[in-house]
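Down below are the structures I want you to see.
One chain, chain A, links the two complexes that follow: it is found with chain B in the first and with chain C in the second.
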Partner chain A sequence: MLRYNLKLALQSFKRAPSLYFLVLLTLSVGVGLLSANLALVNAMAGDPIPEKSDQLFHVSLNTWPTDRPPAEPLHILRYRDAKKIFESDIPKHSAVFYASGVYARDSKSNSLQRFDSSVRATTSGFFALTNAPFAYGSGFVKNSGMEVVIGSELNNKIFAGKNSVGETLELDGELLTIVGVLKPWSLRPLFYHATEGRAFNLTDDIYAPIETAIDLGWSIHARSSSTDSNNGVKFTRDLNVFYLQAWVELPKEADVALFQNYLNNYSQSLKEVGEHPLDTRNELRDVNAWLLEQDIVDQKILAFTLASVLFLCVCVFNASSLLLSRFHSAKFEVGLRRAIGASNRHMLIQGLTESALLGIIAGFTSILLSWLFLKLSIQFLPDLANLAILEPKLLILGMLLALCTAISSALYPLYRANRYAISAELK
Partner chain B sequence: MLKMNNVSRIYRNDTIQTHALRDFSLEVESGEFVAVTGPSGSGKSTFLNVAGLLDGFDQGEYKLDGISVHGLKDNELSKLRNEKIGFIFQSYNLIPDYSIFDNVDMPLRYRGFSSAERKRRVKQALEKVGLASRANYLPSQLSGGQQQRVAIARALAGEPKILLADEPTGNLDSLMARQVMELLHKLNQEGTTIIMVTHDPDQAREVSRNIQIVDGEISDFRIYAPLQSLEIDPVQPTEASLKSNKEQEPVDA
Partner chain C sequence: MNFKALLKSLLLRKFTTGLLVLQLAITLGLLVNSGILALDTQAKISQPTGLDNENILIVSTHPTSGNYRNLDYYRSIATEDMVKLGELPGVKSVSLTNQLPIRTSGMRRNVYDLDDPEQEINDQYLQNVKYILAEETLAKTMGFIILEGRFLNQSDQLDFDSEEKRNIVITASLKKALYGDKSALGQETNNGFIVGVIKDIILDPTLPIDKQYGYFSNAVMERIYIARYYVLNVEPGQMANVRSKVRDTILGVQAERDIFNVFTMEEHLKEFYRDDQGLADLFLLLCSLMLFVSAISSYAYSQFHISRQQKYIGIRRALGARKIDVLLYVLTETWLVYVLGCLLGVFVAFGFNILLSQHITLSKPDIMLFCLVTCVIFISGTLATWLPAKRTSDIPPVVATRTV
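Up next is the complex of A and B:
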């Protein structure tokens, strides 16, 4: 019976192609626009590391040395505070890092072309903590040494995507050996650096040991605060210069309490020796709490998404109105089919099959329109470039939305069609 | 086959109520050919709609093939319509963009038959009405008489217990009407029970039984002699109609 109902649906489309095209277009535009917005919201509000987002904690400390502190505990730390964190054996993994940038080239290359590359100067625990995916090699083991891990994009640019482990990069004039190459890696949002409007940046090009980066004087490419004057990152280890971010992995709840206690004790000990006058207030926030705190979901996008939902409702009403006129004009056939033995249930299933088929076609069209809407969004708002991506789950959601809206549009017309008197149109 | 006892059908609106059928009682035996006549608005179509389960009734009892239809659910009524009743309408009611095969196949689709069984039944029904070679034609490619024969084939395909015909020749010229009537008589002689609403007294006289409805009631009850004992004057075709018939209805091999 399904095949027969599908055949009837296709015949119905052929009978009124303009009307069905309008219904299709109406639903596709509504679903496509909403899907495009949901893709943006999904990228903004999604969990970037669902397998352990509740086990990773951002560390904020209240160790500002003067009595005019920032309103909240700082998300950036001094070198010696950060060192206290990565020296602790309570976390399973910890990562302390800052963002920098260098020009990179293959040291063996005859070309002098250098690539402007973002750098994450980090402790070695970063890779295990973030589940960074390796294509070749592995992370560096020590926090110092002339070794680096590079991202897939840079590897493509410099080494054409080949296994470049063992190759040497010239980074701002220094030679560092590649020990690992990452697979293409996208984190949306970029939870480990969600501050300063970077939540939707790409992952970094180069990951270098933190001590090496400091020793080489690779400058800080992110927010820093200081109560001491300084002559560059090379000289920050003993100064009140706040620029490092810290994350820890605490799989057990007991460890969270233990580590919180460890931080509080550390902060209290500083207070007792007069290094800071503030109340002890240190915070651990897991990934999603941290992203929520950073308010990374653009309120304008949320408002536009709500408007898209309302627009989709209008589209459904319009489609329903068009289908009502279509079903009304098919009263004769409905009456005839009922007369020769089709039950209300048969007619309902036939109508739903037609709507479902329409929904599937609308699903494909709406995915295409979503893609176009996203491309158009990037033209107007280039900041959305890393967000405007239709993930497979969004494609499925788009299809389901189209299916649901097509069926909902047909419900009232079907209800009305099933209430026609059978004999009314038959003579 | 069909038994109505004191069946009433009342149509109501805000201001008036109309007794379309009033204490209507009728029994039709298996194999009968009954003609229903009466003036316009007398209740003939209402009777046929109630008999065909296209419309309900307010009072009384109605049994079709021994089954009381009162209180049956929609799917049960649909099943009864599909299995026991074949409808023939004045306007043929064929779906214009379906082939003849697909039109005749329609009721079988709701019966759950296999594809092979449906093909066999459609072919058999079309052979009965002499249109087997036109299975792939569209209704618009056939004459009115042929279209009505397709409608008869559709009614026959499900091998119903009873055929309900509502002025089956009302839209046909006399020659085609004669052919359709001959087909109906042939089917009746083969055992099919037929109830036919007609305005044509000649057609009414040809059948085994004639009832007249006036104001929703049976006003006169007369039994005519069976068809085979009547001497029916065959319609003399004119030269023009013969020519037209030849063009439109080549004889099936």
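Up next is the complex of A and C:
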């Protein structure tokens, strides 16, 4: 039966090719555009570390030394607050870090060419906390020492992708040894640094021990706030310079309360010596809550998604009126088939098969078109480059959307076609 | 024209007419809002910045070698860079700074008059005043207009480890916030003594026009490690020539530098609004797709006469209707649907405007834009209907005799 219905559908397509082409075109453009936008929204709103996003917590403290803080609580910490966090043994892992940048070259290379590299100056717990995937070697164990871990992209640029553990890099004139190389690692969004519009940056090129980076004076490449003037990161340990971000891994719920308590006790101890003028407001936010709070989904894309939804409606209306005129002109055929014994149900199934087939074809073209639209969006909004990815679930969504829109555009025309009186049509 | 007959004919096809009206309404709504978006972006890009936009060339650069950690070495190279850049034919002046105008991020500090620390509580913007490191040629290079006193000069550059209070120059809006209409010269702020006031420039376009607070101090050489922009003022007509030479000139002084970008202030302004422009362009692209789809629908809608009303048109022709009458009849029918669509579209446009405003900043629709968009929709609709209307008017009267 299905085969017979499919054959009839194909015949129908052949009979009015330009009309079906137009229906196909409008539906696939509408679905393709919406899927492309949904792909972008999906990439922005995704969970970057689903295996433990509910166990990782961002720490914000309220330790600003005056009564006029830039925000309450503040997401960046000064060195002594952060130290309190990474010294605690309540978290399974903790990571305290700041973003920096250096120029890197292989110290043995004859070329003086250096590569602009983003740096994560971090405590050693970072790798276990973020599940950073190692290709060679491992993370550094201490928070100081002339050792680094490098990302896959930098390893490709400098060492052509080979195992570079043990090699020495010259970073801003200092020699540091590579102890680990990561596999290609994408985190979308980059949850560990989602502030300052960096949520869709790539993972870093170099991971260096935090104390070493501070000692070498690697400058702060992200937001910092202070009440004391300072002459660079080297001198910030004892000053009120807020620039470090902290994450902790707390697998058990009891630990969350315990750690919250630990932070509050710390605030209390500051209060007792008159160094905590603000109310105690220390916050732990898990990955998804933190990302939600950062409002990282691009509002422009949301606005354009709204417009694409409207556009898809217009496409469905258009397809529907085209199909209506098509079914109307096929009235005679319908009448004839009804007269020789086809039931209303048969006609309905046949109509639905036809629109489902149309939907499937539209689905395939819309996948192609959504890929094109994604490429086009990057031309217009270059910041989206790291986000324009069509995941399998979006391909399926696009397919389903095409199927639904094709069937819904055919519903009313089918209903009308089934109400034609047989005799009138055959007269 | 018999409107009753027209309405009757429309009612014969309630479903398709309804769909077309809805489509047109949505199209109008989208077109109007896209128009607003495009005009808003255009207005932002062409706003006056208070700078000599076309003649300013900027080079962003950073050293790649560890030798530059010796700041005296860094300063000597920077000084030589500026001399060499200044010698290029067509360059009027060269300067060095840590941050550019027309940016949201950057170095900021709080500013208040030493006698009135409460100022920054009453005006929150005073807590985040842009702090620009400059040297004496920056005013000339950027084209600042001095309103009071003077710009910074060599005497304002202190010894590098000096704890002395600095001399500063402030923007007019900052002066107004601190001292109202009084003169600011000689006044002491928490960041130093005021020696000059310049006319406002757009420092951060996301802030209100009267909150463009900024202050300048002659400290760029002291903190050379954050001075990443060379600014050049170029004679009119020499831009392309100078632009092609700056990279080699800088690398010629010392090669271990990364030159990120060379751009004019005009390009910098456009870059700031790049995403707004991108979104406006995407909306315009969507508009053309929407017009195309609506045109297909209008075409299909008018085809109705040829496919289903051939007999009646034939009779009309036989009863004396001229070709032009039939043509006008079909076109008027389309126009009627378009009028309905556009009327409904006014509501859609307002609704969509409110919806979009939840996500982006957008002006309210204005009447001129409605008129313009309505014209565009009518023209595209008429073009799409023309062919079927023409074919309908070609139905010969003899059809009437065949089908009776």
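Just so it is clear, the second predicted complex is superposed on the first by the 418 of 427 C-alpha atoms of A that agree within 3 Å, B and C clash if a C-alpha of one lies under 4 Å from a C-alpha of the other, contacts with A are read in each partner's own complex, and residues count from 1 in each chain.
The rule is short, and it goes like this: contacts are C-beta pairs under 8 Å (C-beta built on N, C-alpha and C of every residue); 3 or more make two chains touch, one makes a residue touch a chain.
Nothing here was measured: the structure is a model prediction, and the numbers come from that model.
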item: Contacts of A:Phe332 with chain B and chain C, given as first, second, both or neither; value: first
item: Partner chain(s) touched by A:Pro392 [first = chain B, second = chain C, both, neither]; value: neither
item: Which of chain B and chain C A:Leu310 touches, first, second, both or neither; value: second
item: Touched partner set for A:Leu381, first chain B, second chain C, both or neither; value: second
item: Partner chain in contact with A:Gly341 - chain B first, chain C second, else both or neither; value: first
item: A:Tyr4 touches, of chain B and chain C: first, second, both or neither?; value: first
item: Per-residue contact with chain A, leading partner among chain C and chain B; value: C
item: Contacts of A:Arg15 with chain B and chain C, given as first, second, both or neither; value: first
item: Set intersection of chain A contacts, chain C complex versus chain B complex; value: none
item: In the complex, chain A residues that touch chain C; value: 22, 26, 29-30, 33, 68, 70, 103, 112, 114, 116, 170, 172-174, 196, 217, 219, 232, 299-300, 302-304, 306-308, 310-311, 313-315, 317-318, 320-322, 324-325, 328-329, 376-377, 380-383, 412, 416
item: In the complex with chain A, residue positions of chain C that touch it; value: 15-16, 19-20, 22-23, 26-27, 29-30, 33, 62-67, 69, 105, 120-121, 127, 225-226, 255-256, 258, 274-275, 277-279, 281-283, 285-286, 289-290, 293-294, 296-297, 300-301, 303-304, 307-308, 352, 355-356, 359-360
item: Parts of chain A lying in touch with chain B, wherever the complex brings them together; value: 1, 4, 11, 14-15, 332-333, 336-346, 421-423, 426-427
item: Residue ranges of chain B in contact with chain A within the complex; value: 45, 49, 52, 54-55, 74-75, 78-79, 81-83, 87, 89-91, 93, 95, 97-98, 106-107, 109-111, 154, 158, 166
